[in-house]
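The chains carry the letters A, B, C and D, assigned in the order they are written, with residues numbered from 1 in each.
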Amino acid sequence: MLELLFLLPMIAGLAALFLPANFGRGLLIVAALFHFQLSIMAWMDKLPIYTADYFAKTPAGMLVLLVTSFIFLCISFYAVSYIRESKVENESVFVGCMLLFLGTMSMVTIADHPIVLWIAIEATTLVSAPLIFLHRSKEALEATWKYVLICSVGIALALLGCFFITLSVDIAEIDVPLTFSSLNLVAAQLDPLWLKVGFIFIIIGFGTKMGLAPMHTWLPDAHSEAPSPASALLSGALLNCAFLGVYRAHTLMHLAGLGDFSSNLLIGFGLLSMFVAGIFILRQADYKRMLAYSSIENMGIIAFGVGIGGFALYGAILHMIHHSLIKSSLFLSAGNILLGFQTKLVTELGCLVKYFPKTFFSFFAGFIGISGLPPFGIFISELFILIGAFQSGHPVFAMLFMFALLLVVAGAAQIVTDISFSENETSAIRGEESLLRTVPPYVLLLASIILCIWMPTEMYDTILNTIKTLGGTIHG
Amino acid sequence: MINLNDAVLVIILLTILLSLASNRLLSLVKNMAIQGFMVSLIPLLLERHSSIGSGGLIFFQVMILIKAVLIPGLLYVALKRISIKREIEPIVGYHASLFAGLVIILLSIFITDKLHLSVPDGNEMLLTTAITTMSAGFFLMMSRRKAITQVIGYLMLENGIYLVGTALTKHSHTIYVVEFGVLLDLLVGVMIMGIIMHNINHAYDDIDTDRLNRLKD
Amino acid sequence: MESILSLGLALLAAPLFPGIILKVKALFVGKKGPPLFIKYYTFVKLLKKGSAYSTSTTFVFAAGPIISCAGAIMVLFFFPIGAIAPVFSFHGDVIVLFYILGLGRFFTIAAALDTASPFQGMGAAREAFFGTLAEASIFAILILFYRMNGSLSFADYFTGLQPISLTSPAGSLLLLVIVSLFMVLLTENSRVPVDDPATHLELTMIHEVMVLDHSGPDLALIELGSFYKLFFYSAFITLMLCPLDPARGLLNLPLFYAVLALVYVAIGFIESVTARFKMRRTPKFILTSCTLVFFAAILTMGFNK
Amino acid sequence: MNIFLLSLCLIVVGGSLPLLTYRRFVLTKFLYALTTTIGCLTGLFALCTSYSHLERLSWSWSWLHTFSLSFTFDSLSFFFLLPIFLICPLAAIYSFHYFDDEEKSFRIAVNLFFTNILIASMILVTTAGNMLTLALVWEIMSVSSFFLVIYDYEKETSRTAGYLYFLFAQAGALIIFASFAVIFSHTASFEFNGAATLPESTKLLVFFLAFIGFGSKAGVFPLHIWLPHAHPAAPSHISAIMSGVMIKMGIYGILRIYFILESTNLLMGQTILVFGMISGVLGVLYALGKHNIKRLLAYHSVENIGIILIGAGLGMIGLSLGDLTMAGFGFGGCLLHVLNHSIFKSLLFMGAGTVIKQTGTAHVDQLGGLMKTMPTTGKSFLVGSVSISGLPPFNGFISEFLIYFAAFIGLQYPPHATLLLTILAIISLAIIGGLASFCFTKVVGIVFLGEPRSKQFTKTTEGGLAMTIPMVILATACLIIGIFPQQFIALAVNGLRDLNGLELLDPALCTAIGAQLALASRLFLLIFVVIFFIRKVLYRKKEITSGPTWGCGFTQGTTRIQYTGTSYARTVVSFFKPFVMLEESTIRLKKIFPGQTTYTNQVGDIAEAGMAKGLTGPLVNLLGRLRWIQHGNVQLYIGYIIMAIMVVLLTLFI
């Protein structure tokens, strides 16, 4: 049954909370493997749904699910090694929350009822908060507080948005089950005003979680203070889930004939996020924060692409997948750097290429990937978004988009070259580069390369199905 | 005969004004308990909800339990542990806050009026209260320094949203399982906030959010 | 055959004319002056001598004189001396020839730098700078000529259907060109007022200082090259001043050489009545020539069509 | 076609081999040089054999289900493949002795790997059959060359260079993508052949976007800023490839876009011409003022790109005016100069590399007298210098001549703007030529001639055989093209065969001039040889003595008394002052018996300074001010959320 996707990791997570630490590590990997298998099965239509009122299998959700599951699998291996080396006190809490986190995220991907979706997204906030607080430093405490408070406030607004959408159903006096899939069918009859208001609150609400500016403020703090495996999950998987919420609402708006309104909002927030990210990536002193801002930028790109629609929509979906893979790889590499040098400040480290060549390789390759260069997939997705922007008659937006991209690349390139090559006197604490910590980033990057060269037909069809509802196309 | 419904709403508005004016954290928590209780009562008093099944009754009991007892209780415990009694030096002073509260109420009435929306049964008063509650929640969060006041602000926001939900939507959509999930999230949320607050107090000997100012660019 | 004859005559006669300059200058200061054939005498004297080479130099030092002399000779192969069809000619040869002269300059400069002498370096820098500016003037002249008769070879300029001369339709513009070309002549051949080899102060010389270290036959080659170069520029001016009918063949030569001698006299005159410019003024001098021609070239925009 | 693929495979494999065998250092280098050379020669062979039936050469793969990666050949790609296949193997051989630090063997292996990726991607760029393919291989080219630039990453300058290069490559690529996007938005296809149907104004937009994008790679002023940083930073044979071949890909892109647009708008040609003139003159001016030999050469690349663009611009103007002869000469000269520049510029970079490697310094004013200790390098460098100065009888002259010719033909057309531009083109070509020979007399004269300016350079030795042989080959090539110009002009004109609008061009019109040029070159050589022998005869039985240079009365001159490159170039540089930011520092002489004095100058690049002052500086400043957004206060953050709601709601109700 499809519900197993979230039940299994949740049960495993609850169990891990009470099991001795040593069991937890094994459980983490086993659960991750099982979950990946379940995701594959879900893709192969082997899992029937029992609670169709609340859950459904949608192409967009399936994509996010697969990516999440794959990333989690890679991270789980990394996490085991990470726990061992960074002396986590509360190991069972860590493992348990990781699994619960996976469970809630899986729940997001298959949720069909707006409020269930809301519950799941709010739940991700709550179960990931302990992850951020894992190292119990003052900074971590502050980051957690901001994360929980701002995300909760934001998401509360999304709940309001869900109520407004319900109201629009009521006013139109239609009697359908309150699920996205059934609402989509009657979208044209819904009350447009309340739908718009609802969308506004949903994009602000889920946008907070997704990291759209100006609601992004928690993100750099949380992503940089969290332990690296958790950062990787936050950036690579959680943001997508929040995006899924916005995406669902946008689909509804599109079908209701209000696509222009929601598109403009998405474009606006997308560009704003990209610029805000650009401001802070330039001359950023902390490389994990740099990565966090880069996530904001990429979420902006995705929002922009979805807003543009058409050809760019295909690009945006591709971008979501590749960004998850590459960004989580980057955060894992950043974790390796942190373990090796014990500092997050760019000025205090250097010559990564000499001290940790393997980490350097994955980190630099990730940077190349995130900057939109081949052979990584972001190259193609950004190209398509750009083309889409021109095609849909938004040359000004396209120019702004290009400018923002450049701004971010300029900032990131500076930091990455500094970390990788600049000579540094304060010599490093030479940790070992353990295999378990270096391989997962490679695997993630490799996945992006492979997807850029060869995409499985099933995935291609799913992407096409995803964008079809929004009028996306890949034929100009 | 007094419209029971309106009376409850007036009480809610009163609690809002009280919490804006109060500097004692303990009385704030008590206020929240009253507000939670009243908010939970509203759906029962609405006419169109008259035909509530047994599932519904149980749900409302649980709701009152969580909103009026468990959450304030949690806050109370947290407050006892951190042994801080009053909010000193808020960002916006108490008299100003009270005044702001009145302005918020006026604005809410104005917005409700302006929207001239087809709220079912003409429950404008309910909508006004809801908007006021939400706005006041935001106001509390922005104008106070203590972490616990911000949690209370968040709860107030949540109460307001809940009022909107009950005020505006038809009951037929309300599936208790779903709403129960929302409540559960709220509860766990407050619990986690309480734990973090405890840790903040532990780390800084205070729960002043001004101290939480290290992470910035 | 006529072409080869006239070329041979020119090759032989070229060293004669600088003698005229010396004579004119001497007459101006009231002296008798050296014999007209003085340049031949010195040439032969130089050929008889041996050479002393600096230990700093390499093969480049020896290559400089050869290349600059070969370049100057090459130009005469293509030049219609006395409006007699040259030995070789093709559309575009002017560009080649001025670049060949440039090659000569390149190697002269390189040879100068090869000696490791500070003065030669200084002279080389000036030569290169002024040469560049003069090149711009020359190409401006070529533009003007192309606008006037659509050709790019010396032969066509003076022996074609529409020869360029003061009497041609746009001839008035040629006055500007003649002045300008005369200025270029003075620059390129290191005459007063641009350069004065006779000052005997190395700091103020341009061309002369560059060849200080050459001696014997090498110096003879340099001298020979400079005779031909001067001959070429003067002949260029001569043909503009006095149009000759190509059909008359060798009969043109007396008139041609007579006018040519006048050009040399003019050089001698200028050299006698002016002093050398300050080094700073020289670029302005050359730029003036460039501006003149450029102005003329712009004026042709009105003339055609 | 199969042979062609084979060569591509060989190149990639040859590049990957070092990654496996880097522990056996010499073997690695040997294998690498061998496979790369064989690979390139195979490619050359494939080119030669398929020369007559190019149209059959094309293949494509489906990519990501809907798109296709296609590669096709036409005469233009054929011509641009030539320099790749000619220069790259020589650079590979050169690297055999250039890389001799065994401790860095892995880094060298990585460098070799990316070199071959660069070669392969350049081959693919020239053959890319649609826009998507071009975008992809273009980016691969940028990435691989980026790694080559930061080879010496320990040096701050290398990192800065790499950073700048990366930024410019990215910006350029984005703008190129934008131009593709504009095409795509009209034709809904990535194929090149639909672009001709665009409306005229859109064509202009596409062309200008593409010009900016490709131009930044080519190093067009003012987008050349990365170039003088990147070339000195990279190893010398990499500079040779980058400057000799890679920046030509920018030219290729501009030409390709121009020809697929099939536009006859005069504005395009005029723009290209103007930028060509600016790049040419300013490039050579800045080169004059530079003291680092590789940076100087890099600015000469800007200059030569200027010349190439002047050719291309004249060709475009010719095409717009319907004058095929002018177009033929313009484009022909442009293409031939592409080939010529790749030959002499890589020769010069290799020469500079040898000098730097053997002496350890790149500063012109510290060197001197190397001709005696490094004769082969010196002579090849001399040949390269004469060629790059555009002097006969070497190759640079031939292409410049064609461009002159095109410009002169352009003189007869009435539109005043065009006429004025062609006049200016001729004048600037003349000035460029003059200044270039000025600059190279400086390099040759100061570095190779005279006496060593420092004792330590008296005992330098010639570089290894693998370094000298490529230079000799290239020097010979310079001369061969100069003496046999017909064949090469024909080759260049043939490169235009398949281009839209030039099908009717009669090659004989342009190639006829080749015979004349050949005559001129050979005549000159003949006169030279004759005089040479006469001189030999004259010196027979003569007394030849040797001694120190006559010091004009100074008797105790040291070698430091020689003129330096700085002072040599000073007058010219200060002559062009507003365009050249000359910063001088000197100690004025005050007393009657003055003590020691010094003079140094720095020549600033107005584009670089302008960008820093007008764009990046204010931008960074502004962005810095905006950083307070992330203030750290939760209250403020919540305020942002409220603000966002209010603003968005307002947009709804207004």
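Everything below uses one rule, namely that a residue touches a chain if its C-beta (ideal position, glycine included) is under 8 Å from a C-beta of that chain, and two chains touch if they have at least 3 such contacts.
Quick caveat: nothing in here was measured; it's all calculated off a predicted structure.
The fewest steps needed to get from chain A to chain C, moving only between touching chains, is 2. Looking at which two chains touch through the most C-beta pairs, you get C-D. If each chain is reduced to the centroid of its CA atoms, chain B and chain C end up 99 Å from each other. Annotation: 36 Å between the Cα-based centres of chain C and chain D. The distance from the centre of chain B to the centre of chain D, each centre being the mean of the chain's C-alpha atoms, comes to 69 Å.
The geometric centre of chain A is 31 Å away from that of chain B, both derived from CA atoms. Annotation for chain D: residues 627, 629-630, 634, 638 touch two or more other chains. Residues of chain B in contact with at least two other chains: 138, 141, 150, 209, 212-215, 217. If each chain is drawn as a node and touching chains are joined, the picture fits none of the line, ring, star or complete shapes. Put simply, chain A touches chain D in their complex at residues 145-146, 149-150, 153-154, 157, 196-197, 200-201, 203-204, 208, 214-215, 217-218, 220, 261, 265, 276, 278-280, 282-283, 353, 368, 371-375, 379-380, 383, 386-387, 389-393, 395, 398-399, 402, 405-407, 409-410, 413-414, 417-418, 420-423, 452, 454-455, 457, 460, 474-476.
Partner chain A is touched in their complex by these residues of chain D: 64-66, 132, 135-136, 139-140, 142-143, 150, 153-154, 156, 159, 162-163, 166-167, 170-171, 174-175, 177-178, 180-182, 184-185, 187-189, 620, 623-624, 626-627, 629-630, 634, 637-638, 640-641, 643-645, 648-649, 652.
Note for the complex: chain D touches chain C at residues 368-369, 371-372, 378, 382, 386, 389-392, 397, 401, 404-405, 408, 411-412, 414, 416, 419, 423, 426-427, 429-431, 433-435, 437-438, 440-441, 444-446, 449-451, 513, 516-517, 519-520, 523-524, 527-528, 531-532, 535, 538-539, 542-552, 557, 559, 561-563, 567-572, 575.
Residue ranges of chain B in contact with chain A, taken from their complex: 118, 120, 134, 138, 141, 147, 150-151, 154, 157-158, 161, 164-165, 168-170, 172-173, 175, 178-179, 181-182, 184-185, 188-189, 192-193, 196, 199-200, 203-204, 209, 212-215, 217. Residues of chain A that touch chain B in their complex: 53-54, 113, 115-116, 118-119, 122-123, 125-126, 129-130, 133, 136, 138-139, 141-146, 148-149, 152-153, 156-157, 159-160, 163-164, 166-167, 169-171, 175, 178, 220-221, 224-225, 280, 284, 289.
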